[in-house]
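Take a look at these structures.
Below are two complexes that have chain A in common, paired first with chain B and then with chain C.
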Partner chain A sequence: MRNAERLCLAHFWVAFAAFLFACAIGTWQMWVRSPLGANVGTPGQYFMSVTAHGVSMAYVLTTFFIMGFGYFVAVTALDRALPGKLWAWAAYWVALLGVVLTVIPIATGQASVLFTFYPPLTASVWFYIGLVLVVAASWIWCVLMLIAMTEWKRENPGRPVPLAMFATVANAVMWLWTTVGVAVELIFQVIPAALGLVQTIDVGLARTLFSWTLHAIVYFWLIPAYIAFYTMAPRAAGGRLYSDTMGRLTFILFLIYSLPVGMHHLLMDPEHGNATKFIQVLLTAFVAVPTLLTIFTITASMEIAGRLRGGRGTFGWIAALPWERPMVLATGLSFVMLGFGGFGGIVNMGYGMNAMVHNTSWVTAHFHLIFGGSVVIMYFAIAYAIWPRLTGREYQSRAPLRLQLWLWFLGMMIMTLPWHWLGLQGQWRRVANFNYADPIIAAWGPWVIVSFAGGIILLASAVLFVGNLAALHRGPALGIVRPLYALAVHPPLRVPAALNGFGLWNVLVLVLMIAAYGYPIAQFLIDPSPGAIVHRVR
Partner chain B sequence: MSQTHPEMHERRILHTELMWSFGVGIFVAASLSMILFTAFTISVNPPSNVERLDPKTLHLSGEFAEHNLGTTVGSDGSVTVRAIATQFMFLPRCIVVPANRRVTLRFASPDVIHGLLITGTNVNTMVVPGFVSQVHTEFTRAGDLLMPCHEYCGLGHSEMWATVQVMAQDEFKPGSDGRISCAQR
Partner chain C sequence: MPDVTPSPPSEPHVLDQPWRMWSSLAVFGVLLSGILLGVLVIPIVQGRSVGIDAYTAICRALGILPGSPAQPQPATPLPGMPVSQVAWTSDLLQILARADVRRGHAKVQEVCVACHGERGDSIGVEFPHLAGQSGAAIYKQLFDYRTGSRAHPMMTDVAKALDEAAIADVAAYYAGQPQRNPNPVTLAEAPPSIVQLVELGDPKRNIAPCASCHRAGAGGPIETPVLAEQRAEYIEQQLKLYASGERRNDVYARMRTIAAQLTDDEIRGLAFYYRAGFR
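On to the complex of A and B.
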């Protein structure tokens, strides 16, 4: 796996470098918005920083991490060489070039459009071309994942694809579907506008296409965490996976239900009617299903481990779990954050509650808690679990790893719980500063300072994380390589074709997408809404 | 706890999973029922009037021309507020509404995407160029509220906000043309 190790490490280090940078500027933004940092920085600097933070976290950290992790799973779970290694390296360099092309206009203030780049506000064309290159590179990754699984199935007829790889391919297939929306928006609407080829843009259509991508992209980021829940955490805890079939069903449900639901981000938008909004809210409710199934299956798997270790009674098995192991600790902390974040998500789904919280700090809190909290803490756990294999070295002590995970959890809770509260009070998002002289806003001040303290803890945790990984490169040589992937209580000998591939499910996704997005998109093609004049940020 | 443990029998596992799935199904059905119930009984619906309006010409004539902006009380007593969200202000900058009376708020943008909420109320909508955003509400308490732009609309976004003056019914006295502006305080 020599070459594959370098490939994985190259991806992970880009991801984590972007992550550390984004944590630093994110903390700066919290200072500027708080009463402590009034009059610090200009709006130009602030929105440049927010754009860089969003792009680094949402596009660079995630895409590079997921690609690197996918290559790792393809090699280790399938136990065979990675097909198309040259293509993988080509994709890496294309993605890196995309990042550089995106960063330059951001740094020169020509792309302060935030990571959602809603037209008709328009950035330098290089910003969009860079993002398209990152996405195009990830498509190469998707194809390589599909090829790896197909070749393995040919060599192992009738055998079930290992769950970790099955889930990785589910994510790749979902990502191919997901990126169509934003790719069409960029290529046919935004890039022509940025080039000056068109002077107006159909904003209703652009928002609809972006919403196609906007929810499923979050599941693209989230699935690696679920792969760790199902395939790594039970093993790390010393137990078995309760049910392999439930794992397969969960990832299939993610593929199906994460796509036709994006319009719940447009509930407060005027360009769509109630009926189309309701169809997608209906489907959104089903998105809770795979997560609820996962909570059950993983808790049951952990209970097996706890009882094998001598835990007794209804809750005694929890105390018996090996919490000193980073993967187990991270899974526990992730579940706590998933509980809070999932509750918030269900609130967002209701029409009435959505009107209370739309575009307030509640939403910022929600996605920081779900993605930055429960998902990213599993990115840490995955990195800690596989770094010894990638570097061939061993940790001298796991204490700094546990400290880092605890700091991340505490920082995230201290930052996002006040944000939820402030959102309910009506604190709106995406502003460079608040007028704390206003009596309504003045009352928010103390909570903003508390959340800023959470941000500082998060930054400390991020520094420690990168330090922990960097230190391992100089650690003692690895002695024994322990197995990584969990066995199921009843390992499947054969599974139905539907649970071993994605052909059938792709048809279902197509049907649901036509039902959910057919009319909402077609209405703009049949009768375009009045165009808005393109506004360049500079 | 080996595989031969009765709790770990394959059929026992399936049974437990089906029980849990049944609970999940109840939960999903209950959530959706709440949304449907509140939509049909007390009209809790998102702002979805789907009304198109050309952002390039809306200021020239029609309901969003300058002299029509602000609060108007119709001959039937209905209260309608019209405002433009533009880089980087609301026009008018102060909106007056009566307390405890149904109000229709209508917004449009001539340039980029904006959005707004009114603190302490359920008023929340995006303002998308090309469309009119409409919200119905009833303000329950007299006093001043903030109405900020809540979607990033350019570097001046943070300075974009308006005031909503909620007047007690007996103070809310429109002129003979049905028009009323904010009281100077």
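On to the complex of A and C.
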């Protein structure tokens, strides 16, 4: 799999380079928002920096990491060559071209619209074209994942698709559904505005289309972490996966319930009726189900491992787990952050509580904790787990790996918990600086400084992470290749077609999407609202 | 490790059908209960408690009728009248963009020059300077005089004699004239309470900072006028007209709300602050 390894490494290194850059400018932003860096930089530089940070983290890190990881899973879990390797390389170069096209307008200050666009703000058209190329490349990846699974099923009739691949394809299918919203928004609304073909833009429609994408995209980022929970963590701990079926159900539930729920990002928007918001919030509540299934299943799997290692009593198995292994440690730390982040997410989901935290730092802190914390720490764990296979080299010591994971965990908690608190105090988001001469704002100062300290720890962790991976390229040659994927306690011999493919679930997603988004989108065409005048960022 | 190479399943459909049926039923069940609660039960119950009939409440919940199913709308026997007829549509922005400065200059020499001066330096304290004023601000005020949204013994008739394109031309001409600085004073001369009003406002009295709109690049509406270097007497007079409600062409009553909270001393202080043209 030499070629496939190069393909995976090429993707991962783009992802992690963007990640390191974004960590550095993220720390700068924490500094200028704090009393320590007040009056440093202009608002223009701040919003340029926030745009670069968001685009790097949300589009470049995630898309490249997920594509690379998908290729790795397709080769290793299915134990067969990757179909369409040329297409995979073509997609890589298209995505990279897209990144370059996006970066240039950001760097020249012509795209300071943040990574969620906010029409009627309009950036240079190249910013959007670049992002469309990244998305189009990821579609090629989706098709390759589907082909890999279909060919494997043809060669192995009646056998269950390995869970890691089943989950990867679930993510690819979800991503195809997910990107329709933002693609329609960009191609039919934002790009014509950026080109000057239209002078007004229907902001309500644009926000609705973006909400279609906005929640499911988060699950697109999150599913690799869940793949690691189900298929790698139990093996790393020396145990078995408690239930393979539970894993399949989890990924299916993500596919179904991450899509028709995006309107909970629009609870304070005026363009939709209460009933639509209610239906989508109810469906949102069901997104918690796969996470609860996962916490149960992975805890049970870890208990099996702990007891196999001699752990006794109600909690003795926890101490018996091999916490020195990065995958196990990362899973534990990720669960702690998932606990806090999940709680915050439930607050955001409720209409009344959301009204209080809306547009405050609470929201920013929430998505940093849940994505930057519980998800990205699993990206690290995955990279650490598969890097020896990709490079054919062995770690000399795992201590720097553990240190890096602990730093990330501590940094993220120190950064985001005060940030949540500031949100509850009413600290607004999306502002370039705070006037600490104002007594109310001055009282926030100490907490912002604590948050900034967390940011510095995160930056140190990010540097160490990239250093750890780079160092492995010069490590000693790999002796034995250990198996990566966990066996289930009862490995499935045969699963119903419903748990081995996505035909049924696609039909159900279609029904739910029509119910959830049919009228809310149609209303803009039935009775168009006055457009907002396009505001070009220069 | 058990053997994981099975024989092909003998009866795949037997295994599959219950899955297909029950999972579809579960998903539809969740969806239907959501629709039942969100579209029917909650709006009807909420509507009943405030005296809204079931049909109206359901239509409001769906967004077909405006308003909330849980709140009665106040009865309005008269249709609402906007305080200004100017709407910042893309058509209007095109008109402003296509304005002709030369035609504007000619019109100024014909009509405006007597009070506002050829370059926008007004001849008396009751007339505002127009040099370097925002074109959109001049357009809006002239249009408001023309439509009766703002009244003035002289300006109403002057504006009625101008058509829309001429208004845009005049606005563009004066906007292009350099600002003047007749009586420069330093920032140190402004009392701290006035600087505080400009920079921070007074949240206790619901007064937003003046600078949140009246500053280049600030987030105010497009028609926000430039106040720097304006005649203090004119600013004072206009703030008082807003405070009394005699002038009412400010959208959302922004200026009426603020001016009504200001004391006479503050009004005078702000007028002097802006006359110097600090920003």
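Observations on the model:
In the analysis below, the second predicted complex is superposed on the first by the 538 of 538 C-alpha atoms of A that agree within 3 Å, B and C clash if a C-alpha of one lies under 4 Å from a C-alpha of the other, contacts with A are read in each partner's own complex, and residues count from 1 in each chain.
Here is the rule we go by: a residue touches a chain if its C-beta (ideal position, glycine included) is under 8 Å from a C-beta of that chain, and two chains touch if they have at least 3 such contacts.
Just so we're clear, the structure is a prediction, and the values are computed from it rather than from any experiment.
In the three-chain model built by superposing on chain A, chain B clashes with chain C. Contacts of A:Trp93 after superposition on the shared chain: neither chain B nor chain C is touched. After overlaying the two complexes on the shared chain, residue contacts for A:Phe315 are found with neither chain B nor chain C.
When the shared chain is aligned, no partner comes close enough to touch A:Phe343: not chain B, not chain C. Looking at the superposed arrangement, the partner reaching more residues of chain A, out of chain B and chain C, is B.
When the shared chain is aligned, chain C comes close enough to touch A:Arg159, but chain B does not.
When the two complexes are overlaid on their common chain A, residue A:Ile256 makes contact with chain C while staying clear of chain B.
Legend: residue contacts after superposition of the two complexes on their common chain; A:Phe188 is shown touching neither chain B nor chain C. By the touch criterion defined above, A:Phe286 reaches both chain B and chain C. Clashing C-alpha atoms with chain B after superposition occur in a single stretch of chain C, namely 204-212 (options considered: 186-194, 204-212 or 222-230). Residues common to the contacts of chain A with chain B and with chain C across the two structures: 200, 271-274, 277-278, 282, 286, 438, 530-531, 533. Partner chain C is touched in their complex by these residues of chain A: 157-159, 199-200, 256, 271-279, 282-283, 286, 435, 437-438, 487, 491, 493-494, 496-499, 504, 508, 511-512, 515, 519-520, 523, 530-531, 533-534. If you check the complex, the residues on chain A that touch chain B are 43-44, 47, 112-114, 118, 120-121, 200, 202-204, 207, 242-243, 246, 266-274, 277-278, 281-282, 285-286, 288-289, 292-293, 296-297, 300, 304, 307-308, 346, 349-352, 354-356, 358-360, 425-426, 428-433, 438, 440-441, 489-490, 529-533, 535, 537. Residues 1-2, 4-9, 12, 15-16, 19-20, 23-24, 27-28, 30-31, 33-35, 37-39, 42-43, 58, 60-64, 68-70, 88-90, 93-94, 200 of chain C are the ones that touch chain A when the two sit in their complex. For chain B in complex with chain A, the touching residues are 1, 3, 8, 10, 13, 16-17, 20-21, 24, 27-28, 31-32, 34-35, 38-39, 44-56, 87, 109, 111-113, 115, 117-120, 122-134, 145-146, 148-158.
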